[in-house]
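Quick one: the structure is below, and I'll ask about it shortly.
Should a chain be cited, it is by its letter among A, B, C, D, E, F, G and H, assigned in written order, with residues numbered from 1 in that chain.
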């Protein structure tokens, strides 16, 4: 709740249009709806028409996800986006709601995608074939949030010519999401070539001393390239969300 | 080297204005200058007039830093910015060059600061007083790169009213740099309040199980707020650089 | 065995009512009963009538749990409380004993709950929906030990208004149990708002660099709020027990 | 800010005694004072007369500590307590203010100690001689906050008779702070003997695989005794504060 | 191969009873037999009649274990002892050989146990019920190697009277194997009470910050009691073997 | 792309035989083929006739592996080698292509093995029986790349005579691959005996504090023997490839 | 306190020779003496004439060490042994007491050494020259406790012939202490050669991935040799004490 | 000792030219010389004339280093090479022996360097300026062992054109040593470009989550390029030794 809204609320109290008890209540109750006894659905501040609401599916039962989705749609939300959605839950929800499920990215969408907007293109690059599921989570998230996305998969640093052969895409991006497991060097090399922000996503791809993505995570945090920041291991959603925020920053 | 420059170079070869041997040499030699036998100074692709060149001072002798700075200034660079500059080196350089040294942020500037540009303000917030040196490195970096910076220090989450009392600054930012040690919760709370990108900087402030900033780093990587990405522990420079890149993204 | 009991025992020996050999035996044998060859059931010192005996179910076979429960009930114990009880074991025990099983908290109760006592209310708060099983273990434990419990779920710090909207519950608590995974910031924020002891419970909720709850654990240990102490990852029982002990401290 | 104060503030706006702009300002500015540009001194909600204000000295310059202390005393605060205060800073402050410095616990007090209050005694126990500085930080903190403290030093578990020989103190405590390095077993043994809350403090005492207190920390988190919770490595202050909060819980 | 045997071999060469080529061959080939192409069965130096040969079953197929056991029995070995033997492999071997399988300790024996020998008794103590499988591996190993074993289970430090009630067994032991998970404090307390060597065995019993036995391992390595040494997590066999070696040291 | 090829390409442009646009395209497109949308098959620079192309099977679906293999064979490749190939995928591929599957090393070959070449023999040694699968991956890789391989299995350091009994093989090797789990000491001992390069491969064989191969990895990195370098845990392929590269170094 | 002593005490109470209050007091006070307010000196149960009392010097001030030593000598103790004694403290103590200081092992002795006793020799072996200080702590400890010690330094596994050249010492030992840093392989190799107990001592010798002795510690815990147990990093004292206990086990 | 030498020794015994006792002695004593009581100098098996003997200086006193060097030179050794030699020790040795000290690589040489031999050139590349000391240790080691070395410093992956501009050196190398701190990506990129063995050396250059070189180490172990193996953090010597061994492999 920002200062402007607070002053407005207090003004309503001052001019008698809002009793103080109701104002206190409003301050407490307004921003969320209870769904059963397991979640408080957050109807965010500045949500514009057509922007999807997002459900993080991990650790929720299929019944909970369905309940939350229905509450959102019932509040007038046009599009609902679900991440970390396993197939079984997707099929359960499909019986009730018109969900489109993407098995690679493990995401589901109810409603229409918004048309691409923002300053330019979001490029999603991966080091290898095995990083694609995480990259797709990032790419689909960015698309759902209204971005044109370009995919650049399997351009890992041990075959640097594959990356150099795609320099035009790198140079044309507004934001780049660099997804890599194993030694996690892709963001450093891309960060040195590009002059736009790079969001680095370590993946848990690898074995032995990759320690489930820790090796890639550390490499990315220690990148000697400037303009690189990092999200959690396998956090494609977080990268896609951050990229979209940057790509739409001028509109704010 | 992007596709456009490559095609142009090849055209010069095709029309006979550039012999192939020279072209090969140019491809190899053009982008950097050797300084002594210890560094290759990188004269970046698209550097516009007036944008400072940056020297990372850690692990370099004072003589090496001076040598690199002179090479840069000799190449026509108007402003040189040095990070991780210890006082002793700063005083050594001052004898030869008009360096202004900032002891808190351990940075030095030779030449003039560019006037603020970009889409809006960069807010730099810290959890506590001890995080200020890292925050200043971020703030000064952003200023050197042409950003208006607002400082919001000592607004840690254990006294949440201090943060809420500054909601107007939070809401007016284009990018927020959230700097915190100990439990590293500041970026999560700010990320939930703001609707702009948040760059999280863990600091090595703390003791015991803070493990030199690891506790804060992990907390930030696991932030449940969307729109948060993370840089290395104590990496104020990286955060400032990333923030500036985002703030200037529309100009690219 | 405290000093008072020891002096009393020695007095009995001194006045001839207890032969020394029997006294030595009593010192050794009194405080526990053997159950089969796999457990020594501890009949605690100062146990008052009506306070439940507790069985930690993890790592015990269903037959062992049943055996221990029967021994306790046979010793005159009115209520038996079992934690970390998997469904299969619960169903096995139900055939013999009138067990009530709570699937969310994975706990079982044989016998009646004591009426709430203590100084005031125990509040159990969670950061998200996925933390509820651990929170329920804490809440049920506190209830079994004679406390009035208030649940405040899904009030994580990335939507700080949800927490602030419940300030009255926070301010009315005698003890607060703050349960959170991921970045584990909830106890810090609550600790800054409340003026009662906060027991922090990290959960293994999260992925990637949450390392099974380690990120949350470290954040909580490094809390910059005063009046916060921490129990093991997912240790809802420990938090509930500690909270009850504090809530009943005046009675001791 | 609790619900009661909020309603009162809003009532003042409603009855015209407080203009809405001032109310908004008050909501933002009231709870803290700025000291220089490096700290926001928190004048807490319900502070009763005579309760000391606390300054965490680590990471602050001696000038900053002096500045904050003066601001506090200037606000009418009678007693100021400083932790993690190094000797050099103490001597600097002594020139201006009547500070009493305790070298073992590295704490300083300006003003008078409050008389002991609370439900009973706080016992502070250590495993060895080397744990005493941390234990003293806990003990002095508890004393400063109005508790009677009993010290029980060098009663480590490898000589269990030393602990058993002090059973009367263990049994008479309202809260016990168990401080130990190395294998960190003291809280487990005390937790099994006592029937009051035990605050465990791991210390960085040890070498090799003690990893600066990590071994003791892990042992304490994994304590098989109920009623044990843990604070950060070497965090004597946190333990003393928590113990005082518990000891005064009935007064709240 | 010790010096004595080497001199004897060389003497045989010197006096012509052994051709040098055969001697070289003997030096190379004598100490082991090849079994299939997957193992070299080690016919140890000083093995006395009646001492069992040991097979470490983990990571070996049931066919490999059977093959090695047959080779051993075929070499005149009277007793074969198999550790880390899963039930399925045990049943497979039983079809061919008279194996006795112990499901708790996951060990199998083919042939007769030797009568107890050595200086005295080996006591095996555990902190809890869940540590029993590891303790049984230790106990059975010691029995197989010719030791009288006393079991003292569920005497963990959070109920110190259970341990003190068994002081006579502790005082009568020649070697004590202390097995514990969670905080791993048992060896420290026993080490302080007993005046014989204590072999500490951390177990992977626990959850959360026990990290699969690491907490217990670190605690044991940092034991403040003298006369304690440690084996690997869950390594009951290693402890039993070491204990037997110590108990038979006078016979060597 | 090396300097020689670049100069040649530029010469073609200079003499008009290659239009600049095509040259730019060639620079981008030549080195790899797209397979579906999931992989870029790398047709390496200097590949000589008869040298196998390699597919890393882990993290790829059986359909993807088959697709890549067909593309390679379609490009004229005579032999294709697949590592980390699970049985199910192998059987799927066998339906279409003449694959020979090795279950121990989890590798598959399509086409003929090259005859052994190189400077000498590659010896593959293991500490125990359980290390054999990793060792076989190394051995088969080396064979596929044209090396004569000698296997020396189960020669771990706790029975040093088994290793000493094979000194002739150690002394005759050109490169030794030393594979070991648990304490990982084999490369150190071999490195002290041999005077050729030793490639150390830690395996995840072990339990408890072996931490999935970390103990062995650390031991090998800390080897006090000279001439030892290390690959990732369980990376038999990497060791075999490196060994082959060394064995064929004179041919380059 | 063992059962026998307890019965005797109770008998004294029963026959009237000891009043119960005094008995209670005796149970509490007998086993230790207070020294100042910083230590409880433990006058152990079964201490025979001539056996030295031991002070662990680390973390104690020179004044504290002197105070404890004087208390011990005042109690009739003939020999006092101090470990982890820095030179400065040694020189301080020398002014008052006839201390002999050993700079390599950082130990001091006041009084006479006992003549060697026990079953046989204790061999102390090291991997390298840098491990000698830890080895000397072990060796001197064993000598002080009445053992004949044989030193076997710089026999690391990367030059296995140095170890094999000393097989006669290895074979004649009753207990072997194997001290090594870096890869920590020495105990495994010795454990495979010897048939007596091996106490492994990891040292913090090494750099990089030795992590202050962790690599050696893990290697030793994972030793594939039987009859090896481990003490803390750099814990020469613990190893010497354990070795002496084993060597004197028959006397108990 | 290889089989051939053993057979020869045994033949001498068989034909009477060598008494068996002397043979046993020779087997034990021949390969090393004792220096004082702190080191066994290893006079290696196959050392050819002119190859330097190496002393690892870390953890040795200046007197010990001097003593070992004199013993070596006294045995007829022409060149002695000392690594990890601090300036103070170097100056001490210079008083007695004609040592040449290299401050950057912290190495010293007594005697003449051998002329370059081997199959080709060893290239030593670094990611940054701060990696140069480790790289110099590698380079000087390789030179001392008879290799022509090419230095390629400051060619890190965040400015990939610097590396690509040196492709001719990369393509002409027989072995490449890739030295990098921070994200440690250099070996992966070089490994993908070169077709010779790459020895990766992680350095402790970096801060925060570089953890003293662990980030770089993990990245290198997880390299997706084939033909890369890794040595310990900062182990320039090990890399130089391994590289030389590979470069001279054909001569063996």
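Rule of thumb we're sticking to: a contact is a pair of C-beta atoms (placed from the backbone, for glycine too) under 8 Å apart; a residue touches a chain by one contact, two chains touch by 3 or more.
These numbers were taken from a predicted model, which means no experiment stands behind them.
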Name, by label, each chain that touches both members of the pair subunit C and subunit F. A, B, E, G
Considering only mean CA positions as chain centres, point out the chain farthest from subunit C. H
Give me the C-alpha superposition rotation for subunit B onto subunit C, in degrees, nearest 5. 180
For subunit A versus subunit E, what separation do you get between their C-alpha means, in angstrom? 54
For subunit E paired with subunit F, centre-to-centre distance based on mean C-alpha positions, whole Å: 38
Residue list for subunit C, restricted to those that touch at least two other chains: 1, 3, 6, 27-28, 128, 159, 164, 167, 208-210, 214, 217, 221-222, 226, 232-233
What are all the chain pairs that meet the touch criterion? A-B, A-C, A-D, A-F, A-H, B-C, B-D, B-F, B-H, C-D, C-E, C-G, D-E, D-G, E-F, E-G, E-H, F-G, F-H, G-H
The subunit G residues in contact with subunit D across the complex are 1, 27-29, 31-32, 37-40, 42, 58-60, 64, 202, 204, 212-214, 217, 232-235
Over in the complex, which subunit C residues touch subunit D? Could you list them? 1-4, 6, 45-46, 54, 119, 167-168, 170-171, 174-175, 195-197, 199, 217, 221-222, 226-233, 237-239, 241-242, 245-247, 249-250, 252
Looking at the complex, which residues from subunit B come into contact with subunit D? 128-130, 132, 151, 153-155, 159, 161-162, 164-167, 205, 207-210
What part of subunit F is in contact with subunit G in the complex they form? 127-128, 156-160, 164, 182-185, 188-189, 191-193, 206, 208-211, 214-216, 218-226
In their shared complex, at which residues does subunit B touch subunit F? 3, 6-7, 10-11, 13-14, 16, 19-21, 23-24, 27-28
